[in-house]
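One chain, chain A, appears in both complexes that follow, with chain B as partner in the first and chain C in the second.
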Partner chain A sequence: MDELIFFINRVLISGTVLGSIYALGAIGVTLIFGILRFAHFAHGDMMTMGAFIAFVLATALAAMGVVLPLPLGFIVLPVAMVITAVIALGIDKGFYAPLRARGAKPVTLLIASIGVTLMIQGLVRLIFGSGTQSIYVGQPKEIFRLDMSWAGGSRPISITEPQLLMFIVTALLVVALHLFLTRSRLGKAMRAMADNAALAQVSGINTALVVRVTWVIAGSLACVAGTMLALDVALMPDLAFNIVLPIFAAAIVGGLGHAYGAIVGGFLIAFAETLAVFNWTAVLRPLNGVLPEAMQLPANLALVPTEYKLTVAFVILVITLLVRPTGIFKGAST
Partner chain B sequence: MALIELKHVVGGYGGAPILNGVNMAIDKSDIGVIVGPNGAGKSTTLKAIFGLLKVTGGTIDFGGENIANSLPDKLVPKGLSFVPQEKNVFTSMSVEENLEMGAFTRTDDFSDTMDWVYAMFPVLAEKRRQPAGELSGGQRQMVAMGRALMSKPSLLMLDEPSAGLSPRYVIEIFETIQRVNQEGVGILMVEQNARQALAFASKGFVLAGGQNRYTGTGAELIADPEVAKSFLGG
Partner chain C sequence: MSAASPNTRAGWDSPLRRGLMLFAAMFLIVVAVGVIQGTASMLLILVQATGFALIALGLNIQWGYGGLFNFAIMGFLMVGGASTVFLSYPVNMDFWNSDGPMLLGRALIAFLVGLGLVMAVRQSHRIGITGTLKTVLVVLAWFAAYVLYRSRINPAAAYIEDTAGFVGGLGLHPVLGWLFGGLVSAVIAFFIGKISLGLRTDYLAIATIGISEILRALIKNMDWLTRGTMTVSPMPWPTPLPQALQANGMAIADSFVAARVMFLVLAVIVLVVAFVLVQRAYGGPWGRMMRAIRDNHISAASMGKDVTGRQLELFVFGSILMGIGGAILATFTQIFDPSGYQPINHTFMIWVMVIVGGAGNNWGVVLGAFLIYIVWVVSDPLAQLIFLNLSALTEQIGWGAIPEIDSRALQMRVFVLGVVITVALRFAPKGLIPEVVHRTN
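Let's turn to the complex of A and B:
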C-alpha cells in the first residue's frame, strides 16, 4: 500500500502539477503560432514576468497587513493576469507588430522574441536581483494530508495547497478556453484565423482584434502558469526559461496551432518526464522478497537520472517530428 | 447607376502593374463573367476590388463611393463578398461554423440568412456539424458560396467557382449562381469554362494583358467570331 501511495504522491500529483504548468504555457505558444505563425521563444519569460507581477502584488497586500486564508500570490492572480496581458499586448505592439507590418519572416520574429527573452530576464534581474524569492510573503505553505491508514498505508497522500488550487484553476481555465473557442464569435474567429488567415481576412474578420485577443489569452495563461510554478517551487529570474523546451515540445507534440493538442501534449510530456525520473525500486521493492539474491533491485531504478529530465521532452519531440510531424492532433505547421 | 463600376483601374503586387486600366460596370441584376487567358489578370481584378492588393490608379465605385484600397473588414459590411478560387473553406471548422464566419461582420440576428443558405444548399443542412474539410469538392464550393452569402452581399464575386468540379457539378453550381442572382445579388465571376458561363452572362469581359479586350453581353461575345477564335477555343 505504501508503495502505491508513494507512486500517487511522486508521479500522479507531481505529474499533474507539471502537466498543468506545461499545458497552460503550451496553449499560449500554440495559439500564438496558430495566429501569428512564429515560435514565441519569450513565452517562458512571459510566465516568469507574470509570476513576478503576482509577487509584487502579493507583497504589497502583505505590507498592507492583509491576511487571508488562501496564499496571497493566488488571491492577486486575476489582477496579475490582467497586467501581464496588457504587457503582452505592449510587447506585441512594440516589438512584433512593426516587424509583421514590414512582412518579416517567421525566423525574424523568432529572433526578435529571443531579444524579448533577454530583455525580460535582464529587467527582472535588475529589479529583483538574481536570487530566489518566496511568493509566500510570510505565510506557511499548507499541506493537506489524506490519511490512508484505513487502507493499510502508513503514509498519507499529501498535496500542498497551491497544488490543489492549481488543479482547480487549470481545470476551470481549460473549460473556459474550450467554451470560448467553440461558443463565442471571437473564439471561432480565432480558430478560423488559425485555420486559414487569408480566408479569415476575406470573410471580414477583424484580424487585428483576433491578434490582440490571442495575446491577452496567451499572456494571462502565462501569468497563471508562472505564478503556479512559483507557488509550487520558488520564484527566480530563470524560473520558466528552464522549461521552455518541454513547453515547446508539448505544443509541437500536440500539433502546433491546436489548443487541445497543447493540453494533451503538456500532460503527456509532464508524465513522461515524471515517470522517467521516478525511482521504480520504491514501488517494486516488495519483489525483493521473491527475487533471488543475485537479482535484487538496485537502490535507484530510474530510467533517466533527474538531472537529465530535460532530455525526455527532447526525445519525445524528436520522435514526434520523425513519426508524425503534424503532432497528435493535425497541427497547422504544414 | 451601376452597383459597381471600375474605371481605368491600375494595380499590382508591388512590382510592375498587372492591371493596366480595367473598366467594368455591373448592375444588381447582372451576372458579369470575366474570361481570358492564363495570367490575364482575372483573379487580380477581383482581388483589387476586394482590397487584397494595391490599386495605384483609377477608381472603383461601389455604393456611391470610391472603395479602392479599402480592406475586406470594411467592404464586407458594405455589401461585397468574395469567394477565392482555392482554400476557400475553413477545413477544420464545421459547415455551420464556416457560415457563421461569413456573418462575422454582422451584429444582427443572422439565423434567417442561414436558413436561406441551407434552403439553397440542402446538402449543407444535412452536414452542418461536419468539418468542411471532409466534404467533396462540389460541397466545399457550396460552403464557400454559403459563407460569402451570409453577409447578405449586394455583389458576390467568385473566382472560378467551377474549377476542379465534375461536369454535373459545374452545371449545378452555375444554376445556383443564377438562382442567387435572381434573389437580388449581383454577380461578378471569373470562369475558365468560358463558353458555358458566358451563355448565361448578362455582361461579359474578355481580359488580356491586364486590359479589357472585348466587352459585351455574354451572347454577343460568344457570337463574335474574333472572340470565339482567340479566347473561346474556336
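Let's turn to the complex of A and C:
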C-alpha cells in the first residue's frame, strides 16, 4: 500500500501539477500560432510577468492588512489576468503588429519575440532583482494530508493548497475555453481564422478583433500558469524561461494550432518527464522477496537520472518533429 | 533592391562609404573604451569580440547565405570549449594509471554493440518484417541499446569521478585544441543537420533550441569527461600567459597588456583567415548556388540542385566556425564552466550581431559582432552610473537608496539587447551594412 501512495504522491500529483502548467502555457502558444502563424517565444516571460504582477498586487493587499483564508496571490488572480492581457495587447501593438503590417515572414516575428523575451526578462530583473521572492505574503503554505491508514498505508497522501487550487482552476479554464471556442460567435470566428485566415476575412470576420481576443486569452492564461507555478514552487525572474521549451514541446506534440492538442500534449510531456525520472525500485520493492538473490533490484531504477529531467521533454520534442511534425492531432502544418 | 547600380548611389546609400563610416565610428568607440577603462580591459573586450565575430561569421554562413535557422549556437560553443579542454588540458596521470580507460573502453564497446543492434533491426524489412512490428522492434532495439550503454557507462563514470576526478586532457597545443573543437562541432552538426534540416524554419528553430539544451545537459552532467559544474581551470594559452611574462621580469600591468596583445594577434589571424575563405566562397559559384537555394529552394531544386545536401554543407561549415570560436573563448578566459553558458549570452546575442550588422554581408556581420559586444559590455557600467544617480535622487526625496545596484545593473544589458533587436527589426531589417545584391540586366 505504501508503494502505491508513494506512486500517487510522486507521479500522479506532481505530474498533474506540471501538466496543468504546461497545458495552460501551451494553449496560449498554440492559439497564437494558429491565428498569427508564428512561434511566440516570449510566452514563458509573459508567464513570469503575470506572476510578478500577482505578486505586486498580493503584496499591496497584504500591506493594506487584508487577511483571507486563501493565498492572496490566488485572490488577486483575476485582476492580474486583466493587467497581463492588457500588456500582451500592448506588446502586440508595439512590436508585432508593425512587422505584420509590413508583411514580415513568421521567422522575423519569431526573432522579434525573442527580443521581447529579453526585454521582459531584463525589466523584471531590473525591478525585482534576480533573487527568489515568496508570493505567500505573510501566509504559510497549507498542506492537506489524506490519512490512508484505513487502507493499510502508513504514510498519508499529501497535497498542498496551491496544487488543489491549480487543479480546480485549470479544469474550470479548460471547460470555459471549450465553451468559448465551440458555442460563442467569436470563438467560432477564431477557429475559422485558424483554419484559413484569408477565407475568414473574406466571409466578413473581423480579423483584427480575433487577433486581439487571441492575445487577451493567451495573456490571461499565461498569467494564471505563471502565478500557479510561483505558488507551487517559488517566484524567480527566470521561473518560466526554463519551461518555455517544454511548453513548446507540448504544443508541438499536440499539434500546433490545436487547443485540445495542447492540453493533451501538456499532460503527456509532464507525465513523461515525471515517469522517466521516477525511481521504480520504490514501487517494485516487494518483488525483492520473490526474486532470487542474483536478480535483486538495484537501489535506483530510474529510466534517466534526475538531472536530465528537462531533457526528456526535448527528446520527445525532437522525436515528434522528426516522426510526426504535425503532432498527434494533426495541427497546422503550414 | 533599388534599380541604381552601387556606383551611382551617393552618401549614406553607398554601401562602401557607409561601411567605411561605420567601421571608423566603431574604431572611435573602441578607442574611447580604451581611454576610459584602460588598455588592458579594452584588449580583453577586443579578444572576446574577435571570438564572437568568428562565431557570427559561422551563423552568417548558415542564416545569411543559406537562410538556415540555427538556435543551437550555445551547444556548439560548449562543444568547442569541451573539445579544447580535452585536447589541451594537462594530462591527468591518475586517470591513465587507473582502471578508468579499460572501463571506458567497455562502455565504448557497449555503445557500438547497441548501435549495431539498432542498425541491424532497422534493416529487418529485408527478412520480411515490416509495418508496426518493425516499428515496435526498432523502439525495443533503441531501448535495449540504451539500457546496455547505461549499464556500462554508469559504473565507469562513478569510478572515474571517485578515483581521478575526470579524464583530463591530452596536453597538446591549444591551437590544435581549437581545430579539434571545430572538428567535433562539424561531426555533431552533421548528425543534427541530417536529422533536422528537413523541418520548416520555425520548427527548425525550436528543434535546434531543444538540441542545444540537450547538449548543455550532457556536457554539464558528464562529470567524468568535462568535470561538469566543478569547472576546469586554468586552461593553457597558446601564447605566453601574463604570469610567465611576470616571471621574466615584466611589470604586472605591462604583462597583461603584452599577453593579451599576443593572444589578440593570434585570434585576429584566425578571424582573417576565416573571413577571407568565407568571403571568397560567397562570391564564387558555391555562394551563388547557396543564395539561389535561400531565395527560392523550389526553383533551385528544379534546376537540379541537391537542396538538403547543400544545406547540410552550410550547417556543418557554419558550425565549424562556431566550434573554433567557442574553443578560443574558453581558452582565453582560462576556465571551462558549463553553467556559465546561457542561451541569452551565447545564442541570442549572436543572432542580434548578425541581424544588426546585416545578414549575408560578412563586413556587416563583423561590424555587428564588435559593436554589439561592446554595447553588451558597456551597458553594465553605464546602467550602474544611471542607477547610482537615481539612487542618490531617491535618497534625497526620502525613499531610501536602491538596493542591489550591482546585480540589477547587470540585467540592464539583457534589456538593452532586447531593445536593440526589436528596433533593428523594425527600422533596419536588412542591417547596418546590408547585403549588396548585384543585378545585371
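Some points to look at:
FYI, the second predicted complex is superposed on the first by the 333 of 334 C-alpha atoms of A that agree within 3 Å, B and C clash if a C-alpha of one lies under 4 Å from a C-alpha of the other, contacts with A are read in each partner's own complex, and residues count from 1 in each chain.
Convention: a residue touches a chain if its C-beta (ideal position, glycine included) is under 8 Å from a C-beta of that chain, and two chains touch if they have at least 3 such contacts.
Computed from a prediction, not measured in an experiment: that's the story for all the values here.
Of the two partner chains placed by the overlay, neither chain B nor chain C lies in contact with A:F7. Residue contacts after overlaying the shared chain place A:W280 against neither chain B nor chain C. After overlaying the two complexes on the shared chain, residue contacts for A:Q201 are found with chain B alone; chain C is out of touch. In the superposition on chain A, A:E307 makes contact with chain C only, while chain B stays out of contact range. In the superposition on chain A, A:R191 makes contact with chain B only, while chain C stays out of contact range. Once chain A of one complex is fitted onto chain A of the other, the partner contacts of A:F180 are absent, as it touches neither chain B nor chain C. Number of chain A residues touched is higher for C, counting chain B against chain C.
By the touch rule above, chain C contacts chain A in their complex via residues 69, 195-196, 199-203, 205-207, 209-211, 213-214, 217, 220-221, 344, 348, 351, 355, 403-404, 407-408, 411-422, 425-426, 429.
The touching residues of chain A, counted against chain C in their complex, run 38-39, 95, 98-99, 104-108, 110-112, 114-123, 125-126, 129-131, 245, 248-249, 252, 305, 307-308, 310-311, 313-315, 317-318, 321-322, 325. Residues 185, 188-189, 191-192, 195-196, 198-207 of chain A are the ones that touch chain B when the two sit in their complex.
For chain B in complex with chain A, the residues that touch the partner chain are 50, 52, 71-73, 75-77, 82, 84, 87-93, 97, 100-102, 104-105, 147, 151.
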